[in-house]
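Both of the next two complexes hold chain A, though its partner changes from chain B to chain C.
What follows is the complex of A and B.
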């Protein structure tokens, strides 16, 4: 349905009226297609066409309209009108074009088209200006101390934020358009000489192969580039922070920035990277090593705490200290459901709460937290539906998931957690260990654009280990 | 994905094979009392002490008791354990078994292979064994104390406390009892417990209201000859037995200060070595090093002089020496070597031991005793001389 409109092979005609007619037809008489007919005193009719909203009105008036009108009063013969007009327009990008397809795509990216009666050529003046919000603090990956600027939805702004950080001519930016319908601008950034040639080539090839109608967020590209589409683990890193992107570029990574989303895609990504916060590099290395260990620990707590608890209370009673055992028994005395049901209900209740917390309008936020905390937590325990220990375990699991800087790895842990719970309920610790082995094998098999996912842990890179689970020494080297 | 789903489905079908047990379906046995049977000729009378979780829950306390005792008589232990399902409403579990009490009557008949079942089964094998002195295990386990309302915990912690403070009692874990029963050259010593006075009322909760309730008392050490209870060490002698075995660390010795009053030395480390000598005659020798400090002075002595300290050390040495001598003599009279002289001999003179191990009890009885105590007093608390009465 869309394709029909975008197959242009026709050239412009000499009649301005039929040209305008054709354009209007192409855009289906869209109301934001603005056509201004002007009369050039002795050269006949002309038309200035643009799409409202995506052009810089100020620039259109001062740099296109005004010079043309001024020029038209000069009574002198014209040899080559298109070169003349190109000379007088004071915008940086001016092209003379005779193909409809380029004119349409130019209009769509904010250019202004100038048509003149009797000429089968049009002039495209770069007046595009896409509205974007101002640079604000990133809403994800927040830091206490460190840069406060975040990417916006505008590709140009985002590139400028990176350029401002890396003032080096080796920073390469290659721009292409991806998405058959949306024609989204995509920027591929890397440092020449640091990033590996074969990875750059691989990424470019994969981007060329993308066959999608629309690209609206990084995840569209991410899914198209993934080595293994079935895995739950994130194979690329997302970041809203220019400082993170700059640091990764300098480590030889490749960044993909997409028009329309403030999230940049960083690749290749390693498992260990998802535990690293930009703040690790802005604080003392001992402190940041400690915090990083806390994050890694929280990841495992988030994944294993509920499964281990369930295995202990349903299969391995002998491993619980007697006093604790008695306390746990006392708590479970009134609970009518088996422990696995109790745990699953609470875990799901929390997932519902979390989802509600994200989706609901901000104004009713407190209501949800009150209902969640009071009704689900306290009342359920008091009514004897669930034991207090389960609430503690689920709360610990939930809190620990918030320590991780990247939400994608949390989602992976969340998925694993539910399978681990089933394995624990089924055969206790044996099941947990069995499934953990499966996870490890799976992680070992993963690759991110051809680089093993577990680098530097496996294959071992001694230099990489210095900045893995802990950060040793300074980053000044 | 298909694999994952098929694994999950198989897991769903196999849930019957899992030994999933919810906590509120388990009857947690924390102590077992073993006595001679009353209603039958052979077998055992076994008392299971099961935790009552309702007591520990927030609204349950006050109306119920923390534990419930179930008594079963059966031919063997496992039989009793299975038969207990006649009266215990939940699946009993011994994973948290933490105490075994054996009635004196049964201990006098002989322990035999009583511990086998506990090593073989799924219980831990580090829990202690006690002998119910002059009474039955059933009775000792059946008393609720206000301070430590769980009788099992009360028995263990009283004993642990005494081991630390005075060293009459000693926690003997079941694996050590087994190794002493099955090894040669040293006989078993087990701590005894009994009620310090008879229960006033059959109603257990009355005991909780009493300010001076009958409580479990650690009393003496049971000496075994092979697997049979042969006699008891009481008070000082029990303590001294632990001194000989280097099992005591902190204890106190009251010593004469002047004609009427006493002073007390508290030890903070006792190390003893036992030796055996064959020539000219079989001699059992004990070297004990006692380190201590003066903790109490009821008379005026100038203890800042080395001479006085030396005098006190001498007194301590004399007292300890005579106690050790008497204790060994008592064991000799009962013809049971609970100190491990036989084992020492088997290491030092294996040939002699092999020849005489059959008659070791007789030889042990007639052996000479040689005791050498070396006392050292390191300080006198925060004071030097006591205050002077004017």
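What follows is the complex of A and C.
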């Protein structure tokens, strides 16, 4: 009966002992819930409660414990303990609250709770400090020349990195908690006046609708925000670089930063963006245009090289110049498998190698590269299992995939590559072209938060084209 | 009406792609021998007049496709019958174009492949396109337009570099007077491709309101006219009038001559690319119009069934319409223009326009 009574009302009682008991019960006597009892003058009693590890111990000691203890010995008549204590705490965030749910969520985000005998309200002091690593160079999207700082797992740090770049009061940050169990902090950032109102509204609505237990990475939010779930193409951009986020915010994009992951979500994203590296803007525009074209080219090489080779070798012998044909056929003579089997085996072998390269411990890296390069490459050719041309094609495909700054678009190209290989094996160039048409149609049908994915290519936006496949230098006015 | 919105640039690209369609590969006006280019430069004028008629019709009912306003003008029963006939006509032309594409592919790169396999593959892609809706199709049109332009430019550059152009093939000009030229223009070159613009009466209601349709359409027709003229002049220069008249697919024959540095040769993939892209857009437009018409006529919501059904019919009839390529061509040159095209492209729209104007005048007089 007693318990039910408490749960029903969810308000604090006046008795400090029952309040502490309730809190302990809520946390299931968790060992990191620390309760410190203090005796105040005039027989007053108080308790200082926090969760170890997520509070700043230094701040707790200097700004909460110390003032209260020093002051508790002063013998003077106190009318309202609660208000007086709230006055003397030297932390910036102090709230007086009488709802259990808010107290619990405060405790969980690192606040210190002060309960006082005879008061049915508690004081919450902001002492939260979540452990995070220091700012380091980002491990993806590296640049040769340009800013070297990257996001950390801490939301506050990340926002400060962006604030440092855009010192403008129009930078809006809206924070909410998402995830029924994890209650993860999510920050929505945008530039007031540059970002489109309807997109901001749309994003906020979709975030409010998220109905998930946990949010541990950007992809959880991504899945919830997607317009079109049945697609392999990335509809949002991920970045762990504050300079990329700042540049995108200034272009009117919206950024979502999530506590616990160094990757920020930038939306809406356009197809063309996945070929742009931050370095494009830090180098001469002619050079960066050239590099961007190389990247776009390698994307298509990555997607099409093996399919085109297969189409040529199985369906369109006539199209290969004669001398080249002789060389290729001489190599293929001793290979016992049909070209498609050969190609698929090598492609899959490379995918396995790539996966192994990511998952294996660093110390055994050289061993894998020796096995991969020597055994799979050289020995397979020498033994006559695969032709050298196939190894060259697969290697070209592999290398070209590493030029792209965003891993998600590479994954899309990988998926498309396998389907294209089957299309080519089935009906040659005709199959490749028809499937490419389907890809074009699919890309045209995609939308990222309501904005067509292929903007500025289709629908055409002339201003956007100046910074699409090539970057046309901006003249200073 | 569906809320798809097409803007001017998309309309331009679609009209250009549609008119290029199979025209780039077929021997347009080759009956006029070395004067074929005069045929291609004059027929757009006819095209402009035809488009103006369709535009007037659209202006009278800016929210409805052809198959719907027919019913308003001619009454429920006769109107439904005419719109049903139009749907059949669209399906028939779609299968004709598909047959052209199939024959082109069979003729050289896919000599050993069965013709129905090529058709089935194409139809699956088309059903996907129709399923995604017309707005997506129009947006993809811009990309296809860009790819087509680049490919055509590349081929043009290769022609020039490999020194294939013999201008003397163009002479003598008008050796047999104007008669063969006009015989080519009417009806064959007027109906294909320009008369086929009739399908845009189904598409114009999807346009954004403020688009200058007449201007965009005229620009597209002029662009196509100029390009086709350049194209046929090139073909005459490269192949000569005799070969042009004899070969089934002059573009394929001309590309075969390209040889640069002993390495750039056999550019057939570029031609296959063009064939598939242009054929896809053209069949796709007919297909899409037939589906819209069908859904409107039988008051169905857009559904997958109609498009699969329609796709199956187009695929099968593309093979059944003619026993061989030669008879397919004969039908296309001697039967279809006179019996079908003149009725569906000129007679019915013109009659509708006149009737609609009279009806409007009459109504105004009554009020």
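Here, the second predicted complex is superposed on the first by the 463 of 477 C-alpha atoms of A that agree within 3 Å, B and C clash if a C-alpha of one lies under 4 Å from a C-alpha of the other, contacts with A are read in each partner's own complex, and residues count from 1 in each chain.
Basically, a residue touches a chain if its C-beta (ideal position, glycine included) is under 8 Å from a C-beta of that chain, and two chains touch if they have at least 3 such contacts.
The model shown is predicted, which means the values in this text are computed figures rather than measured ones.
S.K.: Taking chain A as the common reference, can chain B and chain C both be placed on it without clashing, or not? Answer clash or fit.
M.R.: On the superposed model, which is not a single observed complex, chain B and chain C fit side by side.
S.K.: Kindly classify A:230 by the partners it touches after superposition: chain B alone (first), chain C alone (second), both, or neither?
M.R.: After superposition on chain A, A:230 lies in contact with chain B alone.
S.K.: Which partner does A:338 reach: the first (chain B), the second (chain C), both, or neither?
M.R.: First partner only.
S.K.: Touching A:444, do we find chain B (first), chain C (second), both, or neither?
M.R.: second
S.K.: Go through the superposed model and pick first if A:329 touches only chain B, second if only chain C, both, or neither.
M.R.: After superposing on A, A:329 lies in contact with chain B but is clear of chain C.
S.K.: Can A:452 be said to touch chain B (first), chain C (second), both, or neither?
M.R.: second
S.K.: Quick check for you: in the superposed arrangement, does A:427 touch first (chain B), second (chain C), both or neither?
M.R.: Both: A:427 reaches chain B and chain C.
S.K.: Once the structures are superposed on A, label A:399 by its partner contacts, choosing first (chain B), second (chain C), both or neither.
M.R.: Neither partner.
S.K.: Please state, to the nearest 10 degrees, the angle that the Cα centres of chain B and chain C subtend at the Cα centre of chain A after superposition.
M.R.: Taking the centre of chain A as apex, the angle works out to 40 degrees.
S.K.: Going by the contact rule set out at the top, does A:17 touch chain B (first), chain C (second), both, or neither?
M.R.: Neither partner.
S.K.: Quick one: is A:318 in contact with chain B, with chain C, with both, or with neither? Answer first, second, both or neither.
M.R.: both
S.K.: Report, in whole Å, the shortest distance between any C-alpha atom of chain B and any C-alpha atom of chain C after the two complexes are superposed.
M.R.: 6
S.K.: Can you list the residues of chain A that touch chain B in one structure and chain C in the other?
M.R.: After superposing on chain A, chain A residues 315, 318, 427-428 contact both chain B and chain C.
S.K.: Where on chain A is chain B touching in the complex?
M.R.: Per the touch definition, chain A meets chain B at residues 230, 313-315, 317-318, 322, 325-335, 338-340, 419, 422-423, 425-428.
S.K.: Taking the touch rule as given, give the residues of chain A at its contact with chain C in the complex, in rising order.
M.R.: On the chain A side, the touching residues are 315-316, 318-319, 321, 427-431, 433-435, 437-438, 440-442, 444-445, 452, 454, 457-460.
S.K.: Quick one: in the complex, what on chain B touches chain A?
M.R.: Within the complex, chain B contacts chain A at residues 1, 4, 8, 11, 14-15, 18-24, 26, 28, 30, 51, 53-58, 60, 93, 95-96, 98, 122, 124.
S.K.: What does chain C use to touch chain A in their complex?
M.R.: These residues of chain C touch chain A: 7, 9-10, 105, 109-110, 113, 117-118, 121-122, 125, 128-129, 132-133, 136-137, 139-140, 142-144, 146, 262-263, 265-266, 268-269, 272-273, 276-277, 280.
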